[in-house]
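You will see two complexes here that share chain A, one where it goes with chain B and one where it goes with chain C.
== the complex of A and B ==
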């Protein structure tokens, strides 16, 4: 891969990672079933699914960029689907609360009513259909973004240096994980620890995330390019 | 006659007693650079370099403490992982700048790049996202720069002066996650109503020595025999450091705590 194209890939991947965090339903108070979303911070959940995507991408790195990106996206989505399924099962059969969202009266996909099933004093519980779909979209984006960074870094390393494939994959994986974590904490500042996914009003703050992630990714991408190619 | 209880010190007075994190960072940068060049001169002197790398963890933990006191909106763990992600990415990318693992200019490149990227991201949070945390950009670069210095020295010890064994690359994930944990945990472990800088930073010292013990064990077990002596030195000095720091930290914990009661088995053990 051309190093300049790889650098642009790192920047674009970083920005996509930033966007993905807005889609993944996560909430710290979800641990007490007091809010819709998986019970952890948005950044950590996104990082988790992104890293799962990177593992998936690592196995298909030699099959070309599109397959690597698709593989990463699917690995990430699979991880978030399993997490949401189990979180819903725990809430439904363990805590005894139905999956409902606080930001809409009727589920846009199923049309099911939400408010009557919501416990008083809470903002919802676990993940209803639309929120779950939002999580899958977010994970697909996050996995694709992380894998793009991974494949771009790997492409840059193999083009410029003469290191062994296993080493290049290890370093590219670590750099991709680093870029992923840098970009998924910035949106967490915007979301203030809680989001319901694409139906959440905080989606309006997406431009702030976008600009911050572009700035952060440009600096990181340019440094990686400078370190590997220029100096 | 009534006796009046002394008034508690004002919040400003308490904060005034704290060491500014920027001073801790400057100390960490200076000791880090000295430690790196000691390693470059003679890898077997790793036990000195390791001691000089610990202030970096202390400064990083101080940065996390400052940021997370204000209710960051993201977890303490996130900020720790984020800071170490920047530091680790910078160090791992710097490897390609020379034929050896690192060279004469590596510490400066690592510190400058880590500081700039940390500052820019902190500035984004301050200006674009408009977080209301004082000195956010400054504290952000303290975390990123500190983790970069620490990871640089650890990798230099494990590579014993620049020998790039393939197995060394497999230690990257553990170095990254280990460093993230020791930077984020001191505040996370100490937070609460009576949290203070001294106790948090003492815990950071304990954890810094503990994680270098782990890296020492990894270095000893690496098949690359040249890293055996430096890693053994790191392991021994880290164990000694851990024993010393834990004693000091435990003393401080006892000072700060109203009462410590043994609730385990057997009952009635004096503590």
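== the complex of A and C ==
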């Protein structure tokens, strides 16, 4: 892969990772069934699902960019759907509450009313259908973005340097994991610990995330390009 | 059957089984130390006048903490396994013994981490008259360290299985880091709900949710005596631990399973994963309907 194209791939991948965090429903208060979303911070959950995607993308790295990106996206989506399904199961059977969203009265997909099933004094629990779909979209984006960074870094390393393939793959994986962690944490400043995904009003703050992620990703991309090609 | 396929099948089954057990143990470890998000309730309790005897080592997020234990143990194990192999020990024995040593070292580090984290947490409660109970620290500490040992050991073995048998090209320590962070976020997002929303609030009515106004009003008395952190994992393992294990085990197993087939060439695993995601999404919608039909609306809220 051409090093300049690889650097652009790293920047685009980093920005997509930042966007994905807005789509994945997560809330720290969800651990007490007091809010809609997976019961952990949005940043850490997005990192967890993105790294699961990276693990899946690792198998396909030698098969080309499109299949690596698709593998990463689907691996990430598999992680998030398993987590959401079983988080809903534990809310249903462990704490006795039904999935309810706090940001809409009727589910746009199923049309089911939300407020009657919301326990008094809380802001929702677990993930109803539309919120879960938002999570899958977020995971697909996050997995694709992380895998794009991974494949681009690997392409740059194999094009420019003569290091062994196994070493190049592991270095590229570490870079992708690092870019993932940086761009997952940045949206935390606008999400402040809670988001319900694409139906949340905080989606309006997406441009702020976009700008910060572009700045961070450009720095990262240029630094990696300089480290691999120039130095 | 071709030997490659047989090796892959064994690898997929073994990885799924190890991931399943690691899920149970990791969730128990986080519950024993009040890690992750429910620790906010343990911290709130002294502020509303409740004197607690919980072990609280939550000074870092569960995913990075767990990633650190797994990656450290696997790095030590990888280096030691080379050394053991040089000494003439067989490859599989070398990896297993090295993994045990790596996990043992990490277990000691986790113990130090836990002691200082708990002491600093309790010291920060001093304005609220919360005493430092040595039994609240020393009773759960070995238990928590033992669970950390098992988690690190299992994730190290999982990294070696996925690298060796399934052929993942990443180095085992990086795989252990990926598994550690992923498992930490899964346990935090699934199993910890039972700790935070049920075990800490058993004196509240089941299914009532935990209103913001009740937060911090956690259980102080256990089945006998004061509630402590040794009581917690045995309760949470039954559902929270199993659910966490199912989530992590399913991810590792299904991801490997989709790579056993070749009907669509290189795209087979992608197509199969998309089908699995769609099927699980249908299950999610069905579960939502089942829960709503089973519990019904809250009294007085039917017309909202």
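Going forward, the second predicted complex is superposed on the first by the 231 of 231 C-alpha atoms of A that agree within 3 Å, B and C clash if a C-alpha of one lies under 4 Å from a C-alpha of the other, contacts with A are read in each partner's own complex, and residues count from 1 in each chain.
Here is the rule we go by: a contact is a pair of C-beta atoms (placed from the backbone, for glycine too) under 8 Å apart; a residue touches a chain by one contact, two chains touch by 3 or more.
Quantities reported herein were computed from a predicted structural model and do not represent experimental measurements.
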After the overlay on chain A, what do you see for chain B versus chain C, clash or fit? clash
Contact-wise, after the overlay, does A:87 reach chain B, chain C, both or neither (first, second, both, neither)? second
Touching partner for A:34 - first (chain B), second (chain C), both, neither: second
Chosen between chain B and chain C, the partner touching more chain A residues is C
Just checking: does A:190 make contact with chain B only, chain C only, both, or neither of them? Give me first, second, both or neither. first
Check the residue A:61 against both partner chains and state whether it touches chain B (first), chain C (second), both, or neither. second
Now for A:15: first (chain B), second (chain C), both, or neither, which partner does it touch? neither
Is A:47 contacted by the first partner chain B, the second partner chain C, both or neither? both
Where does A:71 make contact in the superposed view: on chain B (first), on chain C (second), on both, or on neither? second
Partner chain(s) touched by A:97 [first = chain B, second = chain C, both, neither]: second
With the two complexes superposed on chain A, say which partner A:166 touches: chain B (first), chain C (second), both, or neither. both
For the superposed three-chain arrangement, which chain C stretch in 40-48, 76-84 or 256-264 runs into chain B? 76-84
Touching both chain C and chain B, counted on chain A across the two superposed complexes: 28, 41, 44, 47, 166, 170, 174, 177
Residues of chain C defined as touching chain A within the complex: 36-38, 40-41, 61-64, 162, 166-171, 174-175, 177-179, 181-182, 184-186, 188-198, 201, 206-215, 239-240, 243-244, 246-247, 250-251, 254-255, 259, 266-267, 269-270, 273-274, 276-277, 280-281, 283-285, 287-292, 294-295, 297-298, 301-304
Please output the residues of chain B touching chain A within their complex, sorted ascending. 72-75, 77-79, 81-82, 85-86, 88-90, 92-97, 109, 113, 116-117, 120-121, 124-125, 128-129, 131, 166, 169-170, 172-173, 176
Quick check: in the complex, which residue numbers of chain A touch chain C? 26, 28-34, 38-41, 44-45, 47-49, 51-52, 54-56, 58-63, 67, 70-71, 74-75, 77-79, 81-99, 110, 112-113, 115-122, 125, 127-129, 132-133, 136, 165-166, 169-170, 173-174, 177
Given the complex, residues on chain A that touch chain B span 28, 41-44, 47, 157, 160-161, 164, 166-167, 170-171, 174-175, 177-182, 185-186, 188-193, 208-209, 211-212, 215-216, 219-220, 223-224, 227-228, 231
